[in-house]
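Next, two complexes with chain A in common: one pairs it with chain B, the other with chain C.
Presenting the complex of A and B:
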């Protein structure tokens, strides 16, 4: 273990490299990569690494990047890729395919605004578009998360009780290009945390067709198995947190992360880096005597419904902070979680930082003030911060 | 003239005990693709293989889960991704020291159209893949729409008055990538076809085979006529049977007679060609142009064998 300064992109690339090397004792590591701002440094890093029993294919598109990972993973190798915004949109068909083939591929996704018009800054709408693709989804708050949650993704996705792919979101530039101090594990530690992948349904030389035709009855069963595997993630994730702590001496973030919620009357619910800004705003509000708290949603798929409801019990006013907009509906996090607040609670949706607008503590203090004064919840609000 | 089939030998000791495409598959009667599989089965014999098949008739024929009409491991890929998924499988075999040969078996839609960028990229990277395109000149699986392999004049559900442009030169396109081997083969010329299958199964790097594949359903022809139609396509010069080595050496494998009568019979036997919608003269003129080009290429290939003169003067200083 060592302490190093690095960007989130490098932390992700390094985590993938360590995980890839750890499978030299198994069938090896494979990746298909295609560049897009702000993910490029991650895959450039990966392309420079020397990975024993590993290979990185420089493909012609994101669609093929995921397809190559599917090929590697189907052959029983540990597989990894990274993308962002329009790259994810272009990749989408094969993102679903990876989910339905039940392959434990890991993908880092830098959250960036979908275009055109072109905008390279943070917005969660790109990965949220993929929430129904049958992948585990996690959203990072700092660079350490890129290291720790990447390794967690491999561990949980590859668990024989799970076998679904995992996607790790991180905020464009706020994390991707920002240098922070992080703890970097040794290869020997990663080897201990990530046993060699043994994919039970890998393609061998046995005659069989993978991904052929399913009639309704088979689809019903396959979807049911998929959903059941997703529901087991909570348990397997918790076990993996314990194992992680035993090996690395730190505990990766819980599915939902509360802050000063115990005696709170009012809560800010958010994902990604907005959660750390929310903590600063909560402290500020508390200084003014407002009993505020914050709740970060780290795991978005499977959706931690029970954990959210338990944390929000007793809260009277909830602001759900989205960095995304589903036009004609509102914030996606709001849409999914508004029913989880107590029945009498006032739940208001605020969308802040769309297109990468810089969300600062004062913006969230203003949200708290607004929320505290509301008589009833209104339509979702797009709060301009830029 | 008909070729004697594989020297008259029907089954040999080294053949697979069962074909890759087994009985019980759902291909239409008279489907050319089915014949193609029988050739491939023989050529592959007992070698370990994995096959990627994108969306097309070739994957529907496998039947529903958990059955498989294929006696080989098959990965059913998304429509555009055969060559990329095969890349992963093939690189995985290399990393693990396995002798598995990775093949793609794709229709013209998955090859000429939606899969083109992926295919081109895999060829450019020279992945160790044998890519086989069975070309029925139509989107068969979705009920018969045009593709960029549909020939001039053919009526499809999306070209109701007949297609107004011709098809792409797929062997030329693939050969231009400089791959080790790109060839077209005729299922009506079994010795040449089997030689090609065997030759490219043994090569390393990216290899491409194009198979014109009669489709009675799409061509509106008699199921029993497929092989005869292929003979006509070859003899008339409409379908050149050639091979290109390393993107530079072109060899013509079957000399056509350029029979106008054969061409007329080929068109008349398929109801997709409506007499009032095509001009045989125009088709014949295209055949002429195509063959002039092919002959120039083949002749130039012979010249390639001759050594170049020594470069004159001193090397350029840089």
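Presenting the complex of A and C:
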């Protein structure tokens, strides 16, 4: 283990490299890559690494990048790629394919505003678009998460009880291009944490048809199995956290991460780096005598319904902070979690930092003030921060 | 602690932020560094940030209240860049201006400043066109914050920037900090509160709801965004020194005349030549071609045949009437000797309207050009043409005026100044047995005889001793005077021969045989020479001239011969000088007192070529006028090291094409007489091979490649750069095929 100064993009690329090398005792590592701002530095880093039994294939599009990963994964290799925004939109057909083939591919996605008009800064709308593709989804809060949660993604996705792909989101530029110190594990540690992948449905020299025609009753079964696997993630994730702690000496983030919620009357619910800012705002509000708390949603798929409900028990007012907008509805996190607050609680949706606006503690203090003064919840609110 | 950096895309602001973070990380701090992305086009204002803390950093915001500001381009200084800087906050500016000036301009700040651009440029940091200052200013910042040197060194190593460390250390040592000036009391700025939340739901209204414009197309290129404000450096068309100009001892604008010939024709080219030399016709035939040795094309596909082009100009343009620069105060000057140095000096003086008289001991003008260079290389007509150009300026020539010491004393009294250009009259003798025998003759005496006394004959086997141009002239003249066989014996090897390469080749073509590494030890014969005893020579370590020293061995041989010509070098004949005069640094002195008598050309320098003599004649003419009180600058030669190097030429733009060859008469034909061997170039197309190193040719490459489209053609065909929109990206400079631009800060 060593402390190194690096960007979140490099941390992700390094995590993939360490995981790839760890499968040298198995069938190796495979990746199809195509660049897009702000993900490019991650795959550039990956392309420069020397990985035993590793194949990093530079392709002509995101669609092919995922197709290459599907091929590698079906052949039993540990597979990885990265993309962002409209690249994910172009990749989408194969993102669903990877999900429904139940291939434990890991993808890092730098969250970036969907265009047009063009904008390269953070917005969670791109990966939330892929919410229903059958993938595990996590959202990072800091650079260390790109290392730790990447390794967690491989571990959980490849668990024989799970076998679904995993997607790890991070905020464009706020993390992707920012250097900070992170703890970098040794290869031997990663080898211990990530046993060689043994994919039960891997292709062999026995000819098989994959992804052929499914009649309704077959689809019903496939979906049922997929949903059941997703529901097992909570248990497997917790086991993986224990294993991680045993090997690396620190614990990766829980599916939801509370802050000063125990005696709180009011809570801010958020994902990604907004959670860091929310904690600063909570501290500020508490200095003014407002009993505020914060809850970060780390795991978004499967959705940690039970954990969220438990954390929000007793809260009277909830602000759900979205960095996304589903036009015609409101914030997506709000849409999913508003029913999990106590029955009589006031739940208001605020969308902040759309298109990469710099959400500062004072913006969230204003949200707290606004929330505290509401008589009843209103329609979703876009709060300008830029 | 929060640091904000203001720079321009391309200056490396983000890397600067990372260097600072790496330094503080080495000091055990928790750090964070990042930039503003998407605005990072070359030249656009960018910001970068470094955050430092004892506790783990969870602040993900940009820096709004910096403790320290770094400004990489002083043009960015202003309200926006200083926004939020704490009272007494530090301000480090990349500027040659002293920090006190900024203390005055920005009271309440603690400014430091340093010309990081100059340091980075000196250390060669950046691209070929644009200087990058990030690694330099980071060194200065480290000093202002007391970051230890070893920490700084470690940070540069961590980031793979150790190569830039010397510049950083220079900045570390040189940065200066000013004391802050107190700020005038003003009402405290009120931070604007965040806007009130508002809902997404549209307000009920009968008017159709608005759609925010999603396209921003405009008619024409006009934009309110004057991108020239983004610039830290501006390109400028310049004339960089071409190697040919740096190498020419005569000080000719070589690239200028060749380009003029290619674009405007021989008359324009003749005008440029006439600025420096009255002897284009001569030089176009006998110059060793120093410019061609320096030519950037030499190792690509062969040097431009400049000598051939100079001759083409002289042969095809009327004698150029050089622009005269008449003086308000004409003086009387005497020039003694009408060789190339004397002619050049007289020309330079006469062009400025001084009354100039030229004294020549022979019956005709020209000195060594007339008596030393055979007609097959330099025909009389060619020399006469150049002489006419000099006499046309009003130079009064006295031929047959062989001067003695008393004459010189008189000239010194009668004239305001005297320039001595008598060349090297004293031939070196050979002190070996038999040198007094008949048939052993000095080469220059033979050439003098052959040039001025037609009908001279030479028969049998002629041996020429020496390896310079005089030796070649002797050998080839001897053939033309009827010698059956000519042998050149030289004590060094062929590559050590000082003669012009073409002369050696032409001599060989004409049948002259060479015996290298042979030194004469005795002449043989009763009263007339009948043979020569030669010793074999081995080459030892280099001597003062840089050539390997010849070591005479005991191995001897003997050859029969009928005539021996000595071409072993010449030295000045100082018999002309009165007894109590002494030449020192090119000027005559009498008992320590400087006289109005100056020495020029070979007499002074011994350089030994026509071209050097021309340059020195002009230089000494200027020196004499300065000594007489004229307000003139001394003439100096440019430094070859300043010339555009080969690496700065983009050869990809230039197709390979061999140099044009001179039209030569067949060897068998030409040794029958003294007709000029070469008829010169077939045409002037060789001029188009000139790369025009360092000088714009209006080739439009910059105009085509400028990403902003802001280089325009003026009505007169030259270029203009629209500074309002130039972002200073330097692409014009990096694509220029010939290094005709520079970036200025």
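Remarks
Quick note on the criterion: the second predicted complex is superposed on the first by the 386 of 386 C-alpha atoms of A that agree within 3 Å, B and C clash if a C-alpha of one lies under 4 Å from a C-alpha of the other, contacts with A are read in each partner's own complex, and residues count from 1 in each chain.
Note that in this section a contact is a pair of C-beta atoms (placed from the backbone, for glycine too) under 8 Å apart; a residue touches a chain by one contact, two chains touch by 3 or more.
Just so you know, these numbers come straight off a predicted model, no measurement behind them.
After superposition onto chain A, the modelled positions of chain B and chain C are compatible, with room for both.
Touch criterion met: A:330 reaches chain C, while chain B stays clear of it. In the superposition on chain A, A:383 contacts chain C only, with no contact to chain B. In the superposed model, A:181 lies in contact with chain C only, and not with chain B. Legend: residue contacts after superposition of the two complexes on their common chain; A:76 is shown touching chain B, with no touch to chain C. In the superposed pair of complexes, A:61 makes contact with chain B only, with no contact to chain C. Of the two partner chains placed by the overlay, neither chain B nor chain C lies in contact with A:235.
Taking every C-alpha of chain B against every C-alpha of chain C after the fit on chain A, the minimum distance is 5 Å. On chain A, the surface touched by chain B in one complex and the surface touched by chain C in the other have no residue in common. Of all the residues in chain C, the ones that touch chain A in their complex are 14, 18, 21-22, 25, 30-35, 37-38, 57-62, 64, 158, 193-201, 214. Contacts from chain A toward chain C in the complex involve residues 5, 38, 116-117, 120-121, 142, 171, 173-175, 177-181, 273, 276-277, 279-280, 325, 330, 350-351, 358-363, 366-367, 370, 378-385. In the complex of the two chains, the chain A residues touching chain B come out as 27-28, 30, 32, 53-55, 57-61, 63-64, 67-77, 79, 93-94, 97, 203-215, 218. Interface residues of chain B facing chain A in the complex, by the touch rule stated above, are 48-50, 52, 59-60, 62-66, 68, 70-78, 80-81, 84-96, 100, 117-118, 120-121, 124-125.
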